[in-house]
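Dropping the structures in below, format is structure tokens.
You will see two complexes here that share chain A, one where it goes with chain B and one where it goes with chain C.
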Partner chain A sequence: MKRLSKRENWVYLVALILIAVLIIYPMIIIVQQSFLSEDQFSLQNYVNVFQNPTTYDILWNSLFVSTLSTLFALIIGSSLAWLVTRTDIKGKRWINFGVIIPFLIPSFISALSWRQLLGPVGYLNKIIMYFTNTMEPLFSIDGPAGIIFVMTVSSFSLVFMMTSTAFLNMDTSYEEAAQISGATPLQVMRDVTFPLIRPSLFSSAVLVFVANISNFGVPSILGFHESYFVLTTKIYDLLNDYTIQDSFAQASSLSMILVVIAVFGLWLQYYLTNKKSYKVISGKSTQKMTISLGKYRPLLTGIVCLLLFFISIAPILGIFVTSLTKAYGLTPTLDNLSLDNYFHILFQMPMAKRSLVNSLILATSAATIAVILGTIVSYFITKTDFKGRQVVSYIVSLPYALPGTVVALAIILAWIKPLPLINTSIYNTLWIILVAYVMYYLTLAVQSVSSTLVQMDRSLEEATRVSGANWFQNMRDVVLPLSKPGIINGWFLIFIPALSELTISILLWSSGNETISVAVFNLQEQGNMTAASALSMVLISLIVIGNQLLKYLTRRLERN
Partner chain B sequence: MSFVNIRGLSKKFDLVHAVKDFTLSIEKGELVSFLGPSGCGKTTTLRMIAGFVDPTEGEIEIDEKMVVGQGINISTEERNLGMVFQSYAVWPHMTVYQNIAYPLKIKKKSKKEIKSKVEEVVKLVNLQDHIQKYPDQLSGGQQQRVALARALIMEPDVLLLDEPLSNLDAKLRDKMRNEIKSLQKRTGVTIIFVTHDQIEALSMSDRIVVMNFGEIQQVGTPTEIYATPANEFVADFIGKANLLKGTLQRSGEVTIDHTTLSIPVNQPNAALTGDNVTVCYRPEQITIEKRAETNQNQKVGKLIGHTYLGNIIEYVVQVEGVQLKVETSQPLNLSENAEVSLQLPEPIIFS
Partner chain C sequence: MKQNLNKIFMGLLLVMTTILVACSGEADSTAADDTITVYTSVPQDLIDEFSAAYKEANPDKTVEVFRAASGDLLSKLRTEHEADSVEADVVWVADFQSAETLKDLDMLEAYESTEKDQINSNLIDPEGYYYGSRIINMVLAYNTNVETPSSWKDLTNPAYEGKVGIPSVGSGTSFSYVGTLASKDEFGWEFFEEVRNNGGKQFSNNSDVAERVATGELSVAPVLDYMVTSMRLQGSPIDYVIPEEGLVMVASPIALVKDSEAPETAKSFIDFTLSKEGQEIMSAQNVVSVREDIEGSENVPSINDVKILETDLDYLSENNDEITAIFEEIFTN
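And now, the complex of A and B:
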């Protein structure tokens, strides 16, 4: 579409201004803040950060847990993907199901539930202590090993999904050709299979690494008790420590380390997906070669099912049992079980009640606003020929690529000052969390809507214009109805994670403005494990309902 | 003054000069086709008429109203055009009825008026039984008729067709060609038709505009274009052609380069004497028969290949170092390397 009347340019302009205010402004402020010391430009904050020996400990901790958890997630995720897509292992549907569950459960809830199973007063220690008649717990999940374990459990699903796509799209004739050339199964794997899926392995490794180094929930729940800090938890700690004078500046400098890592990851991701070798995997194959596991089939099936049961069902069972017990630590006998905790959080405890309402309001409005703004931005990026429109899509994708901790800090710095005209600050209100969610999740709406817009042939719109419709009528009658699948998908893609968002909310909440995740976090900090578990179960149910609803709607839209 | 006037229309994109100095007048009720290979600028020209692409230079006038040029640039929706797209662009979320009614709905016509008008157009394109269906329940040909009805319903000044038949199978294409032609006769609408298919252009058009590299090569009726192509490109692009390069001699003969073949020309253009020229023969205008006593006008050749095409047979004949394609409906029943006699018609000569 070449011709643009003035009116639609106004729409684009408003959207671009919103992006500038929502995304560019906070990004500039956080960089600026890291260079400000006593209102002067200086490198003092960086000097302070890098002269402090604990900085290196923290950076090392971050790199250590993220690297190892990424490595384990890669091994587990890709092996499972290979077994499911390429071998005759039994129960593939159940394996897929077992892999999806850890993906759906927020990692901080996963940490919480593992702590109930393997913590110092966890169920497993209890059982062992009961049978061995000892008083001291045998082991504890707190500390780096536990963090690595839970991070692995929460991130191997992503590796599984990415590599199984690669396995499914890979033309098995490459492997068959190697076999015919005389290679043994192991040689085929080493010389053909592995090199062919290497790009998607690397790519998922980068994603998982950045996600894990940005993770706040897991290292806070499993690290605070042992004073084991990583970058994200240290920034949180700094911001909540009112004894340090320039805590904001220090936090900004520290978060710049995270920004550098994330941006490097983003670049690496971009570089890897655009490399030539990736294209090899897009071949179409009519018949897939299935590898027979032979006599190992029952054994491998058993191991995989046991493993998946252990890492996906057990923690939910743990949290579910706790949510039903009258007091944390009681043996879950029938006498000790009741629905009191649910009654308590849903009808009595004001903070829990509030948090449910707040999260539903936040997730609904964030998803709605992001989808409206995102649709305009998507149309601008995909359907107009303005110069530099691609830059807009990079800018929009930036916040989501950054750790939530950094985003929250940028939002605080940008919005703590009173707003002009109304002369009040949105800091300490629900609004600031909403602004942060929209900023953070906007790219998901843009990606989802763009993908449907790209598939829409431009002649569909040209036909509308020739029929006498102006830009707005074309939008209303053709573009929006046809992008409905992308719009609905984008809405849920934001709504579901926003419901359980912790990393950003934990830095922005204030009394009366708790989200569900903040409430769960605070409850477990206070040691109220039963209420925390009950609220977690409510959150998990909401997530499952959201996902089912999305599935249902997608299927219905596809049928039409 | 003509109904559509296009003057000096040009379009430069970043790297390519897509359309160069395009000037054309179209009469009311005429069916004009833009014919050329892909990338020749025909679609860009059509899209400039539609208002999807802004010309770099030049002007377009429709029905004595300036549409673009001289500082005016009327937007697409106000040009009162109808258009059928290559992909039909039938909106998948609307029924056939809703698709066809849309242009009138936008003009805020009354429900009653819309209904009667839709019924009228639907009859015209033979879709009466399908008006409540969605596009995915229709065949390609039916979808195309929906697009046609939607373009016709607002009684456009000009109907633009952008390769509308290229997605149909051969049989259906034949049928739709006739339907569009008869539609034009019944409604008297002015049609501009973009195609790369010469058969389509030859069979449907009142006039053909042959384009290449953004420039008009020739404008004329189908007969003119076929019988007297203006240049080598037109001769080669429309129909089949044997093109031989040579030099026009003082004697009125063309000697073909690197061969001993010389071709007599009845009325040689004196101005071209001594110049390099191209001689063009249509394969079906050459007569081929078994070697017999050669008279003066006949050339002796050797049969080196043949392709059976059903109703016709294409022979390749070697004549004094030149290979000529010859088409005939009479099988010769000769084996390869047999000698044949060729009767060459008066050639078409290009400079």
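And now, the complex of A and C:
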């Protein structure tokens, strides 16, 4: 171990204390709360939760929608990835574009959009009713089927991206060999291709499953009217039920089910990525065998394009049309269209205006703070040889693996009491949301910066040290400039989702401290669909701008 | 190139710091005693109009608003109360029972409003803890493309099967409505079970239900009268009837929160709400005023001419938790 100057140890110590306060403390508090009944340690809350038959219904609902949506996302995502990377399907650029859109749109906005199309008075339903001359809508997006559908649409892109990489890195000579030995295309698929991409399929399955079981927006928007509750919406409901005396304790116990599922998923993820996977990535042969679709080529191209148009463009069109109609429910003829809703939310409705400012402040500060703290933590994890530094990386990744509902609950319990010394509470201020965002998203900064730091050779830093630079100079002149791609990437990886965060914000917001997603959620709950749609369109534009900026910066950095 | 990137990055940092500084400055000013926070279940547009009017009359005061359903408000207030960090200065909820709950929690402060004498004395808490601020009525709304209903029992009419809605009891007005019908022999909980069997669904709140009746997603539903009236006047295909059994009257109470940090501003906001000027805003929104010196809007039948299904407030307060629990049980199965 190299000699370490005292000063740099102080930096690590401060970072570690921050992590303890931000992450470990709230987690301890929520576990403790779940065991407290009338200020005494007891298992009473768990007994209450598990003796209540509805707990099992809700758990079943959660597992049911998450499992099925994960399965569908796997099928759609990996088939598309295969078509794009391995076959001669036409319009690959457009397919890639169509896949990325649902990934960028927050899932609760997606749920709202689908309601515009396939809700009881959705546009598609109305068109079908008009042509078939019926009174009853054909489809209903409300209820479990709709929840599964929207979750699938929101998560298949992730599977597509992860399996695409696997397909691209795969050495196709194995397939060729199998084919030459006389295997039919289906046999090649089953016996060679599938086993080769299995690790990435499993890995994306875990990610998608945990994301969907933690989802709050979709089941809340599409499940409430059907009285279809899942764990996240039930916890939210409990926290808002003033007639239950120990609602916090019960919610804490119920959320422990989600914690167990999430921690198991996290472990599985570690296990899968560290397990020896099929390393058939070769440096030389990059000539990929492209499978000719033959006579099916136009047909498959058509189906894929139609499908992608339907699941990625149509919902945006739906919400866009609603955002332009004067009153919800009016037929969108030219007479009924106007920009009034945009004018209303941007200039008249104080709540909507405020929410835009708040979300921008929160996303910018959360990303910046997380990146600063994350860089120090990454350096600590990858470049020092302190014992137990891997534990730090595990702790930092924990909140992001947990459902936002649980994170928010932990934050409330930990921070509602007035702070020592200054004697005011950050509860009911914007800052409690900021604390929650930093806690939740920190791992993204750490992962992003770490990935560039591990590529950096130690000799560079040693050279700087030898020439007499201290730790801070080394940081400023060598480490930071070299890890800039990771830092910028990490910043945007946090900024963009933080801009549209709903699950945490909906439990932590207070008067004057609405975020965009809280405003959209509350507007739709009040039935003000036109304003909610207009604000959603503004949010979508912000997300697209953020992504373009990230792309632009990444390209500039690569060119350097 | 590198230099440019540095500039962009530094620029972002600078923007962020400026924003942070700017808004921490803002946060300081909110601590002053000319700023109040109102927790309310009044619809967003109405409360926006109201605080703007108050602000115009009192330019040096600031009103911050937290709007949510009555149930959500009570739960948030209770949490804050337990943590000893209540943020609200004024609560303005939909129904008397919500105010009673807060009074029982010792969270309200009695206060004699300057407007007291002008207000119908039935609408004032005898101990002066809260004042009815507007009269809103649960009536039977229907989409004008379907057959006009006539009775609350039409919610169980197979003609409307699957297109019946009801606001969740998290809404204070719906709570009063459900409690009132449940306490009557001719309805009782069996009535709500039949509504549920007729495909009745619960929705988050009154405005949500009203919108859905207008779009035709629902055919009939109990909703607040003034919401239906304003949508009807905008041209939406919605109207209401006063059912033959009578409407359920709710007088939305406003109250001063105990240990407010800005009691004078809070009191002046309450007085403004009850004042002639404030009540005229209500009247313009088709809400019945609580003042005896204000004539009703022409769009709203006078409360003296219509049949009222009497609400037993004692029943509501004695069965507070049960009403919520039984309703939830019926509508979540």
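Throughout what follows, the second predicted complex is superposed on the first by the 540 of 560 C-alpha atoms of A that agree within 3 Å, B and C clash if a C-alpha of one lies under 4 Å from a C-alpha of the other, contacts with A are read in each partner's own complex, and residues count from 1 in each chain.
Everything below uses one rule, namely that a residue touches a chain if its C-beta (ideal position, glycine included) is under 8 Å from a C-beta of that chain, and two chains touch if they have at least 3 such contacts.
Remember, predicted model here, so these are calculated numbers, not experimental data.
For the combined arrangement obtained by superposing on chain A, do chain B and chain C clash, or do they fit?
After superposition on chain A, chain B vs chain C: fit, no clash.
Which partner, chain B or chain C, is in contact with more residues of chain A?
So, of the two partners, C touches more residues of chain A.
With both complexes overlaid on chain A, does A:468 touch chain B (first), chain C (second), both or neither?
In the superposition, A:468 touches chain B alone.
Quick one: angle from chain B through chain A to chain C, Cα centres, nearest 10°?
Taking chain A as the apex, chain B and chain C sit 150 degrees apart.
Report for A:551: first if it touches chain B alone, second if chain C alone, otherwise both or neither.
neither
Based on the superposed arrangement, let me know which partner A:190 touches: chain B (first), chain C (second), both, or neither?
neither
According to the stated criteria, A:460 is in contact with first (chain B), second (chain C), both, or neither; which is it?
first
Applying the document's definition of touch, where does A:482 land relative to chain B and chain C: first, second, both, or neither?
Touch partner of A:482: chain B, not chain C.
In whole Å, what is the nearest CA distance you get between chain B and chain C after the fit?
Minimum over all C-alpha pairs: 8 Å.
Once the two structures are fitted together, what part of chain A is touched by chain B and by chain C alike?
481
Considering the complex alone, what residue numbers of chain C touch chain A?
The contact residues of chain C facing chain A are 1-2, 4-5, 8-9, 12-13, 15-16, 19-20, 23, 27, 30, 37-39, 43-44, 48, 64-68, 71-72, 74-75, 78-80, 83-85, 87, 101, 170, 201-205, 207-212, 214-217, 234-237, 320-321, 324-325, 331-333.
Would you pull the chain A residues touching chain B in the complex into a rising list?
Going through chain A, the ones touching chain B are 1-3, 5, 457, 459-460, 462-470, 473, 477-478, 481-482.
Going by the contact rule set out above, which residues of chain B touch chain A in the complex?
50-54, 73, 75-83, 85-93, 102-103, 106-107, 147, 150-151, 154, 160
Flag every residue of chain A that touches chain C in the complex, lowest number first.
54, 119-121, 224-227, 229, 239-243, 247-248, 327-329, 349-351, 360-361, 364-365, 368, 412, 416-418, 425, 427-430, 481, 484, 488, 491, 510-512, 522-523, 525-529, 553, 556-557, 559-560
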